[in-house]
Structure formats: structure tokens, C-alpha cells
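Here the chain labels run A, B, C, D and E in written order, and each chain numbers its own residues starting at 1.
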Amino acid sequence: ALADARKETLLVVIESGPNSLDIHGVGTNRPAYGTSWNVYDRLMTYGVKKLANGTEMYDYKTLKPELATKWEIAKDGKSVTFHLRRDAKFHDGTPVTAADVKWSFDRAVTVGGFPTFQMKAGSLEKPEQFVVVDPYTLRIDFLRADKLTLPDLAVPVAAIYNSTLAKKHATPDDPWAMAWLKNNEAGGGAYQVASWRPGSEMVYTRFEGWKSGPKPKLKRVVVREVPSSASQQALIERGDVDVAFDLSPKTVVDLKGKPRVKLIGTPIENAMWYVGMNVTKPPFNNVKVRQAVAYVLPYQKIFDAAVYGQGIPLYGGAKNTDWPRPTPYKTDLAKAKKLMAEAGFEKGFATTLSFDQGLSFIGEPVALLTQEALAQIGITTTINKIPGANWRAALLKKDMPLMVNTFGGWLNYPEYFFYWTYHGQNAVFNSMSYQNPKLDKLVDAARFETNPAKYKKDVEGFIKLAYDEVPRVPLFQPLVSVAMQPNVVGYRYWFHRQLDLRSLAKR
Amino acid sequence: MNTRIFSTIGSRLLGALPSLAAVIVVTFVIMRLLPGDPAAFFAGPAASAEAVEQIREQLGLNRSLPVQFWDYLGDLAQGDFGQSFTTGQPVAADLVSRLPASLELTIVALLIAVVLGLPLGVLSATRPNSWVDQVTRLVTTTGTCLPTFFTGLVLIYVFYYLLGWSPAPLGRLDLMYSPPPEVTGFYTIDAVLAGDWEVFRSALAQLILPAVTLGFFALAPLARMTRAGLLGVLSSDYVRTARACGLSSRVVLTRYALKNTLVPILNTMGMVFSYLLGINVLVEKVFAWPGVGSYALEALVASDYAPVQGFVLAIAVLYVLLNLSVDIACGLVDRRLAR
Amino acid sequence: MNDEKPLFEVTDLSVKFHTRLGEVAVLDHIHLNVGAGETVAVVGESGSGKSVMAFAALGILDPAGKVTSGSVRFADHDLLTLRKAALDDLRGRELAMIFQAPRTALNPILPVGRQIEDVLARHSDLSRSDRRDAAVAQLASVKITDPAKRYHNFPYELSGGMCQRVMIAIALACKPRLLIADEPTTGLDVTTQVVIMDLIAELAAANGMATLLITHDLGLASDYCARIAVMHAGQILESASARTLFKSPRHPYTARLFAATPRPGATLESLTSIPGQLPDLRQPQPPCRFSTRCERVQPGCTEPGLVLTPMPTDSAHLLACRNPL
Amino acid sequence: MERRELVYLLKQNPLTPLAIIMFAVLVFAALFGSVISPHDPFASNTADALQAPSLTYWFGTDQLGRDIFSRVLVGAQTDLGIALAAVLLAAAVGTFLGATAGFYGGRTDATIGRFTDIVMAFPLFVLAMAIVAALGNSVINVVYASAIINMPFYVRVVRSEVAVLRGAGFVEAARLSGNRNPRILWLHIMPSVMPPLVVQMSLNMGWSMLNAASLSFIGLGIRPPSPEWGIMVADGAQYIISGQWWVAFFPGLALTLAVLCFNLLGDGLRDIIDPRQRK
Amino acid sequence: MTPLLSLDAVHKRFPLGEKPGLLARAFGANKPQSMLHAVENVSFDLHPGESIGLVGESGCGKSTLVRLVTRLLDTSEGRILFNERHIGDVPAHDFARHAERARIQQVFQDPTDSLNPRFTAFDCIADPLRRLGATPLPEAKPMSAAAVKARVEEAADQVSLPRALLARYPHQLSGGQKLRVGIARGIALKPQLLILDEPTSALDVSVQAVILHLLAELRRELGLSYLFVSHDLNVVRLLCDRVMVMYLGKIVESGPVEAVFAAPKHPYTQALMAAVSKFDPDSGETRIRLTDDPQSPIDPDPHCCRFYSRCYKKQRACEQAMPERDGKSVHQVACFFPNRLDEAS
């Protein structure tokens, strides 16, 4: 019995698990996106494409039906109408209706925080935008033409909740049942939460009544939290677990060539590790100093030692026009020294180099090598390792002069990335506090540009600006890596970087 | 007699209240000193400054410290320890589910230490300065000198990775089993109560390496205290009296010597136990043990006030109870101490 | 008494201690005997080795101590070569001992009655309840009031005098033939001292028990003992009946000791002291260890071969001196 | 103490001379580690990353190709320095409090006793974690944290010693000689408390080192790139399973031996000071 | 002649156990605190050059009385006059700097315990000189180092302590030598009153004899007054002019040594005398033995004779009133039936 159960059960280890079952909740963490993804359905989902190496990955260019069987954009281009699947049911058996969809979207745009922000990225801002036409038809009115509107309805935040069930647990103080949904699911997705012990384990079982896609192969999935990467490695190597997800680069290197382990690494779209310089903190307001830093960084050493070559270099000149794209910079001490001299800092200066302790596996070697390299041009640095929550606060405060950090945008568009990281609106992720009206104009233009040629010109324009002024020096594009037993198939990379259990199977 | 014991216990508990109150205050203050900003954490990665402010208000973090403290006390009085940001659960629930894990680990570790440490101590004390004594001393002392995180890693490497004798360091149970119905929260005991031997075996197998890691650390104080105490007692006048009366070696060793050494041993056990509860953090981290230590560590790193406050308070209460039981046990052994 | 073999006989006993500073010859060829029913005192200054002698005889020497010569005979047994089990059979039953500090000599965490019972359990086949009755009776026999209640008391609940009575009760629980009392009254008040000594004497007489009283109090020895042996730095220097010793001590040390002891009727002027101090036993010692302090020392005193020998005039008067008074 | 007595004691307990030798090595490494280290402990050399122990790299190299032997050697200074500073601080404050409590008794004693009770009511390691987290990762804060959690032990040791000595005859004698309380406490009593205090300090050195290293292990220690044994073990932890055991092993071993050295030294000192403890 | 030291109805009571805490008091535990009556209603005069012996059993309050006189303890009641100055009301912790501090010195019971193990013999003797060496206090300058050294050596000579031993630490000295250091310290300041609390009880008879001679000689030469505490009646008789017998905090009999020894009047004194060895194996058995345990000194019945439980002559009257010493005669006794020796059992 144990062996049979083993066949239909998938054992997954991850570093840490969800802190909520409700992606709309306050303070919900990343792993919770994965839970939401598998437990809730959305109206649409993205297509899938095969990569050159044979692995599958979502295709951000195509949208496929999930709860909605079809949708049409109004002639005037001012709204979209969704037709819901008639046989879809929530886990408790309640049919899925347009009212549920509206309730869910209303909730997302009202509760504030991350869901509201994410909806806003697709110009979905007000409950009035969501109109129930009939029980199985829903119209969404556009506030403005935004090519992100439809894609934004396929991200985890746009999950559809069982409003009947949720409302039962709503209170006047808590009209959106935030408290209840945090620990209870009200979804209709392919998997149900069988048990959840926060901080240690989540067990999913297949929802047999799922209609929004092909029936998943796995009956039961156990996701265990194992913080130690060494243990993760040992477990997968010894065959004790089926999947180890989101591995550290070192683990990947060590697992490479092990016969019993299958490894898949997918570059994380729209993401990069970088060294950022706060342009409001002299002397980093001096572009020559920034360029000097860009020229002195030991890119290859960093790439080898910090991620063991697990990634895509973002330095030494571009070979194509993809985004993210390598910078023209490469290690050149003489040039760096010259730039420092030109900037009037031959003697160098002292500053602090910060990074997030939570990411120290990669951040620390990068910081150490950066520190060592900067010392060559007279910049002496004190390394400041900032624990998780403080990191958030420090980013918000924007007072770190020099940092090693990573950022990735969900929606795979360069202007989306630049909007958050370089734009003068000075979002948190513009950790360099960089402001350049010229760049802002280009980014804003690209966002709503429909003409491909013009769009391309805008994109090239802001990339060039950003790379010339180098407030942030891109280092490399990281991978999300998964290791599995050879008999596990159906792994798919998703932009949210969580496991899609629905496609996984054991042979 | 009985009423006296109750009144003693009562007055001890009353006497611990000021300490507990101070613990509450100090923890509260230290937590507010943390540089992190829970509102920023709560608000999510992309929040604007206003959004963070809004959250701050929601959480009541914009109020003055005394007011926050008063609110906290009010919540505490109702048994509400607050919410953890990291797990998203009420702290009380988290503690209830995780405390047994830590306790089970610590108790088993202590058992291992006692089962090994006491005989070693007796062995040393009955052959002072012999090579047996020296070797025992060196081994046990080395035990306390090994950083637990280091021992744990080495044990995993050897017994799991190289030899494959022990199960994966994955917490309290093999992934294939689900926990037994909860009675005590101790998986081994609950499994026995449920008659589920497979789960019992798995739970026990999972316990061994972390418990040995901790237990090895606790070995030295126990062995040492046994040795020192026993040496003292063995050279005492009353043991000499017992010998002069022709009492057999066994009776002398147990009834006269060991029993008199019990008080310092019990005290050491209490101390070791409380110390182990504290350094559980490290072992739990290495062995992915879902206990309160790793819970508190994560919360601390995340500036998550409530879990840390709750944890410290829970441990402080535990210490009070522990010390009380040690004192009662000592009082039972040596009536002079009960007065 | 001279014809038959004495009950307890220490012959040529030497004990060395291994210490941080090297070997210490604590006992040097000790001879001593106690006849059945007899009461003998060993007197000597602190550190002269009185307790060590008793411990060596009973096999309860500290592990650092070693018997290097001699034998200890009790009735028909050689105590030093006896197997442990056999020795344990004797100790507490035939041979008993009372220690100096009564409070520390009792197990602090066991009710005193139980401590008596433990001895009874070891040496008799009384049933549990009989043992208990016997223990209570034993407490009564040492004149402890309300023995049934005292049975449950812990040593810390008793006064020093009472603890000493309990010690006596334990020692005499099996009606031994020989009692070694090692300074049984030091640390007690003078008024209590005499009461305890009376009690021991009374019980000894009633049981026909031989008693070896170890003390540094000459007065006590003279009040309670028929015979006294004088010990100095691990050697017995003189041994005689109390009367003889008081009237005509022959060893210079004995005489000096008497002269140094404040006695009723003595004046300050008549009080004289003994020159020098106890020798440092870590250093090699001359055959007569008193010779370094003795004003009657003569060249012959440093020659080896000094033994305790009977005086020609009185065979019960033994002396180890080459130049007696 | 006479010389032959000392020799005898050292012979009796062969672990003490061993500890003394280890102590000498440790102090030497702490003082001259940076001078004698064969490689620059800070210099990265990614070409030689994660090399196994060899003749060039005696203890191998780490992720950045830094020589672990040199780092272990130089780490001695950090670890020893932190522990020493923490112990001295804890001993100074703890002694003051303990001596005051033990000597004056009464309300002073009760107040100080309550204070130590409060510290002891915390899970000590977690308290240290919280202190470092609150004050920030830095050497001095690790020292403070270590000192605070060590302090109660000194308070207790000193308090009990002083409380016993307070009743000693020589204290009354000192009073009759016209000494007033502070003088009696600090000049008459304290010298006798020094030996147990030194023993306690030696034992605590080991404990403090473990503490500092443990804090580093969970990421609340001192900042990189300072070589510190705990951090090195923590960094090396991820390499153990992949077979690069040396990254964690050698610093861990150094830490263990250093702690062992102080423990044995403390034991040895206790033997020498208090012969009754061992027969 | 005015007395050097005069005690007038001195009491010392020690509170027992912890004071009831705030909580306990709040909850109404207002049981009065138990008091241990260590010294009760003690009055006596000590004249210059006189030597008084104080005997009594362990725990009867001898040391407490001594500590009251040396002003290490505060009295609960009563007056202590020294040189006609009332020194009893100076708080003990301030007495260290009192003008009379140097005049009252003590030799302690345990020579080992009373010497600081970390001080050399020289430092032990020099300590009082350095603190109190210059008179009058507080204006005067402390004694110079040379003067201290001279005085220490002089004191060492006076107690026949070889000067070579001055550099040694206590553990390097024998018991007798340690006691000499203690005596030298006691006389270093040239006090008027030297209190000796069982000075020889830790010593062997051979050493004791020397010390007794030394003490007698010092008294003669320096004109000291002694308050000599001992439990050995034979020693008291040798060294003292008068003797006081203490029982459970009360002086039950006092008088000239010869008078008390020849005809003890209090039953306790009689028992004490009877316990003294006659050093004569042939002496007859005329012994009074105390039965039963002493009463508790804690909250004693103020109307019952303290010796009641052990007394062989006890009567109803003894239970109803506390006998006090009559103030007139030189030989005083606190007993209602001092002359009924015939009733001995």
C-alpha cells in the first residue's frame, strides 16, 4: 500500500512554505502564490512553449482559457467580456458564477496592498470596472488602453474565490473574510489543501471535480519545508524526495552529473542581480564614479564564485537584443582608475556595502568580491548584512549608498522592469533613487505604445540611458532551478517561480 | 503537609510573577528596538510609503510605545499572544503546535545525556584519576566544546549521507507518514497511544540524530556534576560510617552516596534542560525541526514581534515551572531543602 | 588478661599516605591491644594518627593511604587480609565505630531510624516490622526521649548530643564485641560530653563490650579508661594503666603532656608546655619522633630499633624510650 | 603552592598540560596569526575555489578561493578577542554586582538577585540573539550580548563566595581593625574570590566563544569578511553534503579545540586552586 | 574606681526568617516575627586591669555578647559604657572610625579563619595600625610606613613571634603561630580591653599552655583588661579574676573565680563543675548530669527560668517568674534555690 501510495504521491521539498492561503492577505509571502496557483483557478492562463533544451515554460505571448472558455474585446476596445465554464465547481460543490468572479476582483482592487497594486499594473482599479452580465458572463470595462490588462488577469492575484462560502465567514469588521480565508481555502482549483502545518508542511490532494484543464496525474502532493540546502541536496540525491524546488546554485552544481537526479534550470525572466549605487549619496551622484565601479567589478569571478556559472552573464557586451541584456562593461582596472581620477576621487573614499541576509548564499560572495575589487580603486567598504525584514525597511528608506541586490518583474516587459526600477516615480525597487525625466518619458511612452517599431526605439532608448549612467550595474540573470527524480515529468517554469503541480507526473 | 506544599508552590509562583513581568517588559522593549519595520514587511514588496503608513496604522504600530504596551498587556490577559507575520497564524496556536516538538527533542536529549552521563560520572568518581577517569573526562568535556551546529552537520554527513543509517533530516516524521492523532503533541508518545508502531519507529528514528547532538552537549555537565558530587559524598563522614557498619558496596553507593548526590544532579539537570531549550535554535535549524526555537529565530530575523515575545514568555513560564519542579524534587530527596 | 589473647590486637601497623607533597609516614609500627570487656584510651595531639589507626583497622582508610606493614587481629580474624565480604560481616556486627562529628557522620537525607534499620537489615534476619521495633528500642536504649517519634527525624532536626546518641545507637545496634570511639565527644558541650561518655561506659559495661576510646582529652581518658596509650606523631610512646600513667609517667612526652594540661588545682606557674611542634612527617624521621623535641635526648636516641617494650617492673606498662624518666 | 605540588598536580591530570600547550598555540595564533599565515586570509582566488586540503592550501580553500588555514589562524584573534572582551566585561560587572549583593545582603541582595533572575528567566541564547538583532551586527554588540548572558553566572559565583567569606573571622577582624565596608569588601574579601573567579572566567571563555560562533552561525554575528570560525562553519555547512567537508570542518575543529582548551584549563586551575574538588 | 567597661541591661534579639513580604502582608499574614533572644538583660562591670571569664555552652550567646561589646553588632536594648562614654548607640558600621575603636580589640577563636589567607602575617598585624594607628582620629595623619613596621615588629616580639615569620602567609604557619599573629594584631594598637573569644579551643594542650602563659604575661606587662570567653573552666580559673556563667543568653552566676569554683550555686554551674575531669582515676562519682534538652532561645517564655527544663531542683516558682541575679553581693546567682544542693539526685 505504501508503495502504491508512493507512486501517486509527490514529495517536494522547498526552503520555506506559505504563510497564508489567501494571496490577497496582508503580508502574504511568495510560496503562498504557488498555493494560490494550484488551489484557485483564474479566468485565463498563459500558454506553454517548449524551450530549446526541451523543458517547458509558460508563454507570455498567448493566453489560454481556464475558468473562462472564451472572451471577446468590445468593438470600441473599451471592455472585454468573459464567458465562464458552465460545469465549473468550487471544492465544496458550489458552481462558479460571474458573481464569484466579480467578488474576487472587487476584493483584489479594494483590500489594498499587494493585490491592489498588482491589479493596478493592468489598469484594473475600481470595482465598477467589473460588471456581471449574467451568471456566466462578466464584462470588464477598461479605464484606459493598457496592453497589460489581459495578461494581468492571468496572474495569481486574479484568483477566483468561492464568494458564497467566503461571505459566510465575513463580518462587518472584515467584509472580505480576510481572517478566515487566510487559513481556509475557498477555491476551485485542481488541488485542495488536505492539511497545512504552517512552517513545516502542506499536503495537497487532487480535486476530482476539476474541469478547467486536463486532469492532473498526481493524487497527493506533500510539500515539506527544509531550510537547509545541504539537506535538500542529500534528500534528492538519495532519492528520498521527488522534487527539490528553487535550489541554490551551489546545490545545482553539486547535483550536476549525479545519475539519479534530473536538473532543470530556467533563467528567471526580467530579473537580475545587480550592484546598485544610490545617486543621492555623493560621490555616487557622479556618473564617472559609477562608471568606475562598473569597470572594476570582477564580473567573471562573481559569476563563477557566487552562482557557479548558474545564470546568464549580463556584462561584456550584448550579443542580441533580448531583455535582460548584457551591458558593455567588463573588468578593466586601468579604465576604472582613470575614471576615478577624472571624477576627482584618486584617493578613493569609504562607504557601506549592504545586502540582504536572507539572500546571503549569493549576496555574500558577490559583496565580498565587490568589496575586494572596489578596494583596488580606493573605495573601502564595510559590509552590512541586513536581516530580512530590516532589508525591506532599509529599501523603503532608500539610504543605503551601495548595495548588492536582485529584482525581477512578473510581467515580462522591459518597460515594466524599468517602470519599477529606474522610473522617476521612485518606487521601492528604484533602490538607487535614480531620476531622469528623459528616461521616464521613454518608459511611459513604451508602456502604452502599440506601434512595434516605435516601441522598440523607446526600449532601446531607455536601456542605453540606463547603461550609460549605470546607477545599477547588472551582474547576471539568475536561474530558478529544480531537481527531481528521473521519473518525474511535466515540470513547467512559471513567471511566479512556484511549482505548478497540475502538469507534474510520475512515470 | 499537603497544604504546606501547595502554599509553597503558590508562593513560588507568586514570587515568579515580578520576574515574568520584567521579562515581558524587556522583551517588548528589545523587540521595538529592532531596526526592522514590520509595517514595511507586511505591506509587501511593492508598497508605497503611504501604503506602509496605512498598514502601520492598521497594526497599531503608529501609537506610542506605552499605548502599544498597554494593548499588548490587554491582549495577553485574554490569552492572545498576537499574530505571526511569518506564518500568518496566531502565536498561541503556533506555540502550541511547536512547543511539543522542542520539548520532545530536548527531553529525549536530556534522557540520552542522563543515561550516559550518570554512569560515566559514577565510573569516574569510583576510579578518580585513573585512565578511565581521564578518558571519560576528555570525552564528556569535548562534548560541551563541540558547537551543536557543527556536530549536527557532521552527524548528518556521516550517518545520513555517507552511511545512510539514519533517515533524512527532515523534521519529526518521514515524509510518508502523517502525524499520529494529537494527545500530548509528542509524536513518539502519541504514536504509541494510537498503537501505530510504524509512525513510532519513524518518529523515533527522526529524533535520534538531533537528540544525540543535543545530548552529547549535555553530557559533560551531568557527568561532571555526578563525578564531583559523588567524589565529595564518597569521602564524606556518613559514607565512612556506612562502610564501618559493614553495609554492602551497593547499598553504600546507591542509598548513601548516589542519593545524596541527587540534589546537585537534579539541579544540573534543570539547568541543562533550560539551557538546551535555549540552544535548540541551532539544532532545529540544522535538522529542519519544526520547534519553537527555529520559529523564534525566523521571527526575530523578520522583526516579527509577536512570536518572539510569545516565545520568550512561554519559555520563561516553562523555566519557572521547571525550577519549581526541580526544587520540589530536591525537597523530596533532601528534606532540609523543603523547609 | 595477660595469659589469654586480647580480643583486638594491632601489631606493628604502619600506614603511609600518598599526598601532593609526597609520601607521608603517618603511622610508624604501632602496637596496641584491647582485651574483652576492657576500656582502653589512645591519647595524643591532633594529627598524631589516632583516627588513621582506627580507619586502617576497619579497612576504611582513604584511598590515598596504604598499610605498609603489620597486622590487625580481631578475635580469630586478620582484619587486613580478610576478604571484603567477610570483613563487611564483621563490621557493624562485631566491630563498631563511633565518629568524631556526629552530625556529619549521619546520612543527612535518611531518617535516623532508617539508618539504624539499615545496619540491622545487613546483620540480622529480622523482619521488616521487627527491625523497626528494634530500631526504636535501640533509640530508647541510648536514652532518647520519645524514640518512636525521633525515629522519623532527620539528623538536621536533632541536636549534636542527640546525633551522637543516634551514632551510638547505630554502632551498638548489633551488640558488637568491640567499640572504637573516635573522639566521640569533641565539639559537644562539656555537660553533654560527660552524659555521652557515661552512656557509652554504661552500655559497654552492660554488654561486656571492649572499648577503644580515641581522644586528645587526658581528663576524659583518665575518667573513663583503665588503660591509656600515648601516641605522638604516629608512634605509641607509652602505654599503661591510667593510674600508673598518671602517677608515674616514664616517657618524657607523657610527663610533658600532663604538665601542659590545665587541671583542677594546677596554677599557671605549674603549667608548662612542650617545646617544639609535631614533626613534619613528610621529612624523614628519626626512630624516635619525639627526639627532636625532647630535652632528655641523648646520642643513642637516633639509633634504629626502638620498640615498645614492657617495663621490667610492670609488664602491663609498655614504653618506647631509651632515656626514660 | 610549592613547585613539587604543582608538578604532582600536573602529573595527576595530564589534560592540564595539554590544555596549557593548546592555550599557548591559541594565544600565539591570535597574536601573530596574520603575520605567519601563508596566504592573505582575505584575498579571493576564484580559480582555486573549493580546493581540497593540499600542500599549498593545508586546510583547503573556500568558495572564493581563500585559504582556510590562514583564515582559521587569523580567526583565532577574532574569536579569542570577542570571548575575552565579553568575559572581562561580564566578570567586571558581574563581580561588582555579586560582591555587593553577597556582602550587603538584605534588600541590595534581593534587588540584584531579582535582576539576575530576570536575565536567567530568558532563554539565554535567544536573548543574545535578540540583543544582537536589536543593536545590530557588530563585534561590539556581540560582545555586549555575550557579556549580558554571562553576567548572572559571575553574580552568582561571586555572591555565594562573598556571602560565605562575609562571615569569616578575618572579616570581623578587619572590622575591628577599623576598616569600613567598601574596604573590607574590595581589599579583604575580593582577593580570596579571585581564584574561583578565574576558574569561572576560563570556563566561560569557552562558553563565550561558542556563543559568539553560534550567533555567527545563525547570521547574527560579526560582519564578513572578518574571518570568524562560526561564520566559516555556517558558510561551510552548505558544502558538507557535496563532499567539501573541509570548509566547515577545520574552523569547526579549531573552535572545538579552543573551547576544549579553556574548559580543560578551567578544570586544571580548579584542581590547583581547590584540591578538595579532586582527590 | 570607675569601670572600664560597663554593660547595663543589654539585650540582643535576632529576628528570625524573612520579613513577611509585601504580598504576604497584603494578604493579612500579620503574625509577629519570631525573635531569637541571644543575649538577655546582661549587666556587668569590667574594671581596668581586671580579667573576667565568660563560660557557657555552645550557642548560649557568648560570641554575641562579645560582638556587642566590640561594637560589631548593635544592641537591641541597653547601654554599653566604655571609659564612661556611651558607645552603645553608635551604629556598628560607623564604629570603625570611632575614637574608642582602637581601645577595644579582640583575639578570635579560630586562628585560621580569623587571618586573611591572602595577607602575610605582617599585613595582618599592620592592618589595624594602618587604619587606626594615629590618634586622635580623625584629624591625625596615618602612621608612616616605618612607624607601622616598627610597631608590627614590636608586637611580634611581644608575642614571641619570630620576625622571620612575618613574611609568611597564614597557611605557612602552625596553629600556635597563627594565634600569636592574632594576638599581636589584637595588641598592636595598645588597646585597653582585649577580648578573647575561646582563643585556645582550636589548639592542642601543648600549644595552649604556651599561649596561656603568654596571655598572662601580656596582661601583666601591658596592663590590659581581658574579657575571656571559654568553655574550659580549668583555663578560666588559671587566667581570670572573676567568672560569669551564661545560660541561654542570661548570666546565671557571677563572682570571683575562687568563690564560684569552691561553691557553685546555680544548678547549671554545678553541672558544669561536675563535668570537669578530676584527672584522678580513683576519684569518686559525685556527678550531676543534665538531662533533657535545653529550651529554645526563640521567643522564650519571659516568666520561666531558662534552665527550667534541665534543672534538677525545679519548682513551681521557677515556672512563674524569671530569677534574676541579686545586685549586692560579689557572688551573684540567678536562682530561687541556690542553697539546696542537698536535693541533688
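The rule is simple: a residue touches a chain if its C-beta (ideal position, glycine included) is under 8 Å from a C-beta of that chain, and two chains touch if they have at least 3 such contacts.
Note that the coordinates shown come from a computational prediction; the quantities given were computed from them, not determined experimentally.
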item: Neighbouring chains common to chain C and chain D, by label; value: B, E
item: Contact-richer chain pair [B-D vs B-C]; value: B-D
item: Farthest chain (mean CA position) relative to chain E; value: A
item: Most distant chain from chain C, judged by the mean position of its C-alpha atoms; value: A
item: Inter-centroid spacing, chain B versus chain A (mean Cα positions, whole Å); value: 39
item: Inter-centroid spacing, chain C versus chain A (mean Cα positions, whole Å); value: 91
item: Separation of mean Cα positions, chain E and chain B [Å, integer]; value: 54
item: Where chain A and chain D are represented by their mean Cα positions, the distance between them in whole Å; value: 45
item: Per-residue multi-chain contacts in chain D, two or more chains; value: 133, 219, 237, 240-241, 279
item: Junction residues of chain C, two or more chains touched; value: 62-63
item: Sites on chain A at which at least two other chains make contact; value: 228, 230-231, 234, 357, 387
item: Residue ranges of chain E touching chain C (in the complex, touch as defined); value: 57-58, 174, 176, 204-210, 212-213, 216, 231-235, 237-239, 271-272, 274-282, 287, 289-293
item: Residue numbers on chain C that touch chain E, as the complex places them; value: 45-46, 145, 159-162, 189-195, 198, 216-220, 222-223, 242-243, 246, 256-257, 259-264, 266-268, 271-274, 277
item: Chain C contact footprint on chain B (complex, rising order); value: 128, 235-238, 240-249, 251, 255-256, 259-260, 333-336
item: Complex contact set, residues of chain B against chain A; value: 34-38, 40-49, 51-52, 54-55, 58, 84-89, 94, 97-98, 153, 156, 160-161, 164, 167-171, 175-176, 178, 285-286, 288, 290, 294-295, 298, 301-304
item: Chain B-touching residues of chain C, taken from the complex the two chains share; value: 55, 58-60, 62-63, 84, 87-93, 96-97, 99, 101, 104-110, 118-119, 122-123, 154, 156, 167, 170-171
